[in-house]
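So, here's a batch of structures to check.
Common to both upcoming complexes is subunit A, partnered first by subunit B, then by subunit C.
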Partner chain A sequence: MEPEAPLISFRLDPRTGVAPYRQLVDQVRQAVSLGMLRAGDRLPSVREVVTQITINPNTVHRAYRDLEHEGVVEGRPGLGTFVIASSPSPMTSEERQVLLDELRHWVIRARHSGLDAEGVAALMAAAVRTEDPAPR
Partner chain B sequence: MANGGSGWYSVRCVFRAQTSKPWGPPDLAVGESAYEERITLWRAESADVAIERAEEEAHLYESRLEVEYLGIAQSYRLEDEPGEGAEVFSLIRRSTLAGDPYLDTFFDTGAEYQQNDES
Partner chain C sequence: MSEPLAALEAVGLGKRYGRRWGLEDCSLRLPTGRVAALVGPNGAGKSTLLRMAAGITRPSAGEVRVFGQSPQDQTIEVLRQIGYLDQERPLYSSFRVGEMLRFGRRLNPGWDDSVARAYLSELGIPTDAKVGKLSIGQQAQVALTMCLAKRPALLLLDEPVAALDPVAREGLMHVLLRSVVDDNTTVLLSSHALSDLATVCDYVIILSESRVHVADDLDYVLASHRLLVASSQEAPEIPPGVVHISTTRSQRQTDVIVRVEQPVTDPAWRVLEPTLEEIVLAYLREQGPRTPTMSPGAHGEAGGTAR
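Up next, the complex of A and B:
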């Protein structure tokens, strides 16, 4: 039986300076936290990722291994790599889209105010910290 | 039974690829294989545990990279914490070969692919 198509497509941004394996890890973690990936979903195979983006296959393996250590995914030899973690509060795609649209408007305003991408991210992180002051 | 005691272990495993893929040697001829040696690092209570964990990882690597794990796992216990200049693997082999023929036979056959090679 053909495996179902993976639910995530990776992209690499060389401008960020973030290591490629870390970008893959972050994209999976973000997709899980947003409920776009749920427990049981299959990540793309190394072959699928390598044919989609220019990346060393060992880098994909390393990213998946890190995600395994973090308890986000589980590798099953011969079957693939599957998500085992779930978002604590998965939202619907409609709810996610509404929030995303609001956020885009906010980002546009922030950029017009002179903030660069790093500044936008810093301000967002500060807002999250203010709203969620749980000790780390 | 546990051996070696708790610490850092490197484990060398060997893999074989028999078909060309979008990665690796792109020009495997019929009947030719590509062999890869990988050394992974583990903090474990014993060599046995390190090998067990390395082989679990080897089976995932085998599956993901579409290669065959050849079932050999050789461990080495590091003397210290891994760091700059640390000896991370050592293996001694007896041979009747002189230096250059030994290198040509096992390390520099002319068919090696290293990280910086185009692949």
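Up next, the complex of A and C:
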């Protein structure tokens, strides 16, 4: 029995084109870098995840395995999967603000050139895809 | 290399209804522990395949095996291992839910009443409710619960979420996926609501016009197809070494879905990774003899038919 609610909830965005297991990996990494998950925290069990979101259990296993290879989490047999890394690449709130400000300027320029929100998102996704060192 | 026992295996399987083939020359091998999506338009042969696997319909050609056993010759042994949910979801509307459970227990030696009751209480379905008074969604959940309480090794579900609203659909999927986690159940489910399945399945079978076009791991299916985009004016040749699946042309843009074994590097085309939905639609759009057949282990030869 798992009486307590899981620490985090996953979500899947079918429109991004990002593979579902990668979306889970990214969300855990993000939760860790934002401090929402800390060392020692237990990730939701596979059973809990398939009750939260409609996803293949093997996909969750695969995401957790990848996170283990990346040194973010550790599987403890019979107990679950636990976070071992706190914020692998710690980003200060100032750093985040600088990035966000730059992005805002870019978005304003894109808007002035006539791009709508969808166009902005499409360009952004294209840029991320070409810069991603390990697609899929 | 000896391969592990497949949950479901078909070799040259076919079913003829009079002069028409409901399913023709179907060969596939579904490994244990997968969640497989069986997709295709109505009348493509999805139900026929499921019914032959469940031992309800006898093949006209070829054979089908469930964990190595023939559902036709070893019906009892096979039936014990499978949960089959018909599209019609036969329930007795005058029965109460609890009576359905007793009925199931009497018919199935492997019946696990605690599983059934746990699911029902979680779904908020009282056992004293009359089946006929439940919503369509709840009836589907009762029918699936009946299947799961057998703790089957293979679940064959024919359009389990059709006619369900999104909430009921999600609830049903969650119950199903949990049983995959708990019992390592292999699932084969047919549906035409593809968007629901893309995150659920890890194996894809594409049927159209009574034939299997694709039966493989989702990852392989995604990795072995590309969407090529070019301007319609230039309309470059389809690069050599790929298998053409379908072309859609608008005034300005030509989209081609191809099957590839090596990366496409032709600079005339923009090369994108298609979604499962785009791949499935490509096979369903391009029917008839032009469509190359892709069967497991025997990938078709290169050199497609550019049109």
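Following the convention adopted for this analysis, the second predicted complex is superposed on the first by the 82 of 136 C-alpha atoms of A that agree within 3 Å, B and C clash if a C-alpha of one lies under 4 Å from a C-alpha of the other, contacts with A are read in each partner's own complex, and residues count from 1 in each chain.
Keep in mind that, in the parts below, a residue touches a chain if its C-beta (ideal position, glycine included) is under 8 Å from a C-beta of that chain, and two chains touch if they have at least 3 such contacts.
What you see is a predicted model, and the numbers here were worked out from it, not measured in a lab.
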| item | value |
| --- | --- |
| Fit or clash - subunit C, subunit B, common subunit A | clash |
| Which of subunit B and subunit C A:83 touches, first, second, both or neither | neither |
| Which superposed partner A:32 touches (first subunit B, second subunit C, both, neither) | neither |
| Which of subunit B and subunit C A:46 touches, first, second, both or neither | both |
| Partner chain(s) touched by A:54 [first = subunit B, second = subunit C, both, neither] | second |
| Partner chain(s) touched by A:65 [first = subunit B, second = subunit C, both, neither] | first |
| Which superposed partner A:8 touches (first subunit B, second subunit C, both, neither) | neither |
| Partner chain in contact with A:20 - subunit B first, subunit C second, else both or neither | second |
| Partner chain(s) touched by A:73 [first = subunit B, second = subunit C, both, neither] | neither |
| 21-29, 93-101, 129-137 or 183-191: stretch of subunit C that collides with subunit B | 183-191 |
| Subunit B/subunit C common contact set on subunit A | 46-47, 50-51, 56-58 |
| Parts of subunit B lying in touch with subunit A, wherever the complex brings them together | 21-24, 57, 59-66 |
| Subunit C residues touching subunit A - in the complex, by the definition given at the top | 33-35, 170, 173-174, 177-178, 180-182, 195-196, 198-202, 223, 273, 275 |
| Complex interface listing, subunit A residues touching subunit B | 45-47, 50-51, 56-58, 60-61, 64-65, 75, 77-79, 81 |
| Residues of subunit A touching subunit C in the complex | 12, 14, 17, 20, 46-47, 50-51, 53-59, 136 |
